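In the two assemblies presented below, chain A is common to both, partnered first by chain B and then by chain C.
Then we have the complex of A and B:
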């Protein structure tokens, strides 16, 4: 009698296990399909010149295709543009986001903090295309032109809520004893935050920053309204500039350049993968 | 005999977490300079609450009310700036809490860093050595000063925390069950240390361990349900308690 029940349970257990495995595999299929497609199609294009040369003109590409040669040129203009805009966005978003997150964590009970916290959620859920159009109105129009600055403002706005949240969450899970120990030594709140709480939360905050970067690096829509694009390598921040996701969109629209889509996609994917691995590694290291 | 100002004096101190109940009720007691005073009582009787009032920890939580007076050298701390009070009143917590991102060296000096006090390298070295010696940790860690404080054992970490508190030269040192997370040997180390330290600092220690209270304290408080039931010489409190509740607690019939 009792034996039978146990057997029944064991069978149920098996079924559950197989079911879960099956579903997990199903979910993983699209992921592997994407990775496979991008890897297979993009691998051919990866060469040194792909990273060091700017986009070819449609004419040059056409000639190469006609001659049966690989398309010359690469995505250097996009990579440089992406790095410049990301760099500027990070320099502004990180300190601002950390400050805001620290404020929210310290004053979580006040009305104002709850309001800001709500706004952060809202900002995080705002479609990127809207952030793009707003940056267009706020930055591109007054500056009378598309620019790397405008692009980085859009990216910065998109990164902020992620950094704010990760800072706030990490600070909140620190043991209260840490802050109390700091204050008990006579430190004021700002110093305890700077010297005790934030350093202790570094792992979580850094992970948040990396995830924020990997979240915005592939954003295309907001850059269309702000950075516009540029076919050569450029370092000026007040002029239109290219970015890797913008290039993918341009390649798609030009029949002669379509071959280059996969190389650019592979680059983005690998970059995001690298950031994710790095953040995992740091989170692990910091939690020891 | 002429009366001297006590180092620390509670005058009808009341503390409440909520409007309805008081966690500490009308506690009055004077604590003399350079003594060790033990606070005992069953769990939840308000020992930690009373102790944390002395360095204004309750100020961090807006709904906690502290009434009455607490005098430090005759001055009411409830009217003073928390930062000034906390510099003069050090605290050691139940769980050893060295700052996890700082080295042993920086942990000892963290009080200065947190107060924005700049020191020369020579001054720093001298303070670190002196303080680690006074908690008899120097010989154990002098070669690993740059390692993180969290690499030390629990007992060593607690001594590091004591060194960190002492570095600020406090008048009063508050300790909330500082040895409850430690083994008997580490506990013994710390008890010897406290007996030594009372020459330079007045110590107020919460303990569940009656043996510990007997071994180190000269005066003891017994609290029950937020009230200070009995306060006097440890010797007398243990051998000849006045109050029935103290008697019941000491004989293990309560708590």
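Then we have the complex of A and C:
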């Protein structure tokens, strides 16, 4: 009788272990399913011209489909647009985020810092579509038109909390003796921050910036109401501009351009995953 | 640079957060005011009408609030049986091994995939499966959206739960083993009770993620402006109605959409705040 009970418990134990392993492996399937689907449908669209030519008009695409040819053109306008908007967003968000993070790390006990810290969490949790609305109200309406500037403001707001958090956390992890040694050598606080603390925290901050970029580069919703999209390569920052995720959304909605979806998605997906892996690698190197 | 100037610069940089957050709230409230003023606050929340025939515009948020709550709740239900095993795998069974770090890398990558690509995958892979299984005629709907949403929030729930499971003190577990408990019993009787509140709070934060997810839901929910009457029927969530109609809206409709945005903002802020407070409490224990 007692033996039977023990057996039952052991069977339960085995069952639980195998169940956990099975279900945990099951979670890995979607990643490979998504990667597989995008790779298989998109690899034959990637060519040199796919990256150097702008999106074709629906009419051109329709004619090509009728003639049985592959759709001409590519996503150059999206790549340029993404780079311009991301560049402007990074230039503003990185210094501002690092300074704000430094403030939080230096004054972590004060009421005001706790309030700012709470607001950082709030902003980080705000849905991207709401950031889109806000940027529309703040930038698009006063400027009387969609623009690359509006798009980069949206991206900047989304990146800011991520950079603040990673800066703050990395600075807090640094041994206090590092800062004290700098101060003991006669440097004032600003000098110690610039010459000792920030360089020591570089790895963590850089990882945070990379992750922030990889998070906003695929954002579609906030760009729909701010950058709008544009069918040719454009460098003006006060005019509507395209972005890779915006192009995917356009292709998804236009039956004539649907063939181009997968090439664009493959490019975006590989770029984002590479950024993620790179940041993981750097974080690991830095921790050693 | 003097210490004083340095302090001022840091303070000004930190002021950005209150300014941005205050600006977000202020802009949402002032632009939503027209809709609340016209329809009445409670009426706007409880009406499920959404018609923009000129002269008789009727807007209410109820169908979209229901849509959001349904997709989020279903996503949570589908997410638990996937993320809890991952958390146990990484944090308990294979803690610190190579295979655990592989799995956690995989889930991290899952978190990095842009939501529009999840949407595409759901539309071109999952939707045909739903049609062939005869679950719904067009394949899109609340169920399809929440299935993909569940996959999207697994990484958030799993990585945070794993952290709490890892923190369960070893001597507690070892004393249970020494009394003859099996691994499964240790997990049920020691790990879950100790890490329980932390695990719970990680699911609250996952809910916060799911509430605001836009593109995936927009591509998969079917985009009809009605209260979904079953889990397979089509509908719209708060985020998806904004994504669908914001570009073409003006006047009262624009204000109504911003009002929906305000409601969504408040709900996510509340959920995230509850989650953060619970996490802080769980860490102390």
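Things to note:
To be clear about the criterion, the second predicted complex is superposed on the first by the 267 of 288 C-alpha atoms of A that agree within 3 Å, B and C clash if a C-alpha of one lies under 4 Å from a C-alpha of the other, contacts with A are read in each partner's own complex, and residues count from 1 in each chain.
Here is the rule we use: contacts are C-beta pairs under 8 Å (C-beta built on N, C-alpha and C of every residue); 3 or more make two chains touch, one makes a residue touch a chain.
Note that this is a predicted model, so its numbers are computed, not measured.
Once the two complexes are laid over each other on the shared chain, residue contacts for A:186 go to chain B alone; chain C is not touched. In the superposed model, A:178 makes contact with chain B only, not with chain C. Of the two partner chains, chain B is the only one touched by A:195; chain C is not. In the superposed model, A:249 lies in contact with chain C only, and not with chain B.
Legend: residue contacts after superposition of the two complexes on their common chain; A:70 is shown touching neither chain B nor chain C. When both complexes are overlaid on chain A, the residue A:87 reaches neither chain B nor chain C. Counting the residues of chain A touched by each of chain B and chain C gives the higher count for C. Within chain A, the residues touched by chain B in the first complex and by chain C in the second are 188, 191. Chain contact summary for the complex, chain A toward chain C: residues 9-10, 12-13, 15-17, 19-24, 26-28, 30-31, 33-34, 37-38, 41, 96, 99-100, 102-104, 106, 112-113, 115-116, 118-123, 125-130, 132-134, 136-138, 157, 160, 164, 188-191, 193, 214-215, 217-221, 224-225, 228, 245, 248-249, 252, 261, 265, 268-269, 272-273, 275-277, 280.
Interface residues of chain A facing chain B in the complex, by the touch rule stated above, are 175, 177-178, 180-188, 191-192, 195-196, 199-200, 202. The residues of chain C lying in touch with chain A in their complex are 1-3, 5-7, 9-11, 13-14, 16-18, 20-21, 23-24, 27-28, 31, 81-83, 85-86, 88-90, 93, 103, 105-110, 112-121, 123-125, 151, 154, 158, 182-185, 187, 208, 211-215, 219, 239, 242-243, 246-247, 257-258, 261, 264-265, 268-269, 272-273, 276.
Note for the complex: chain B touches chain A at residues 55, 57, 60, 82-84, 86-87, 90-91, 93, 95, 97, 99-102, 110-111, 113-116, 161, 164-165, 168.
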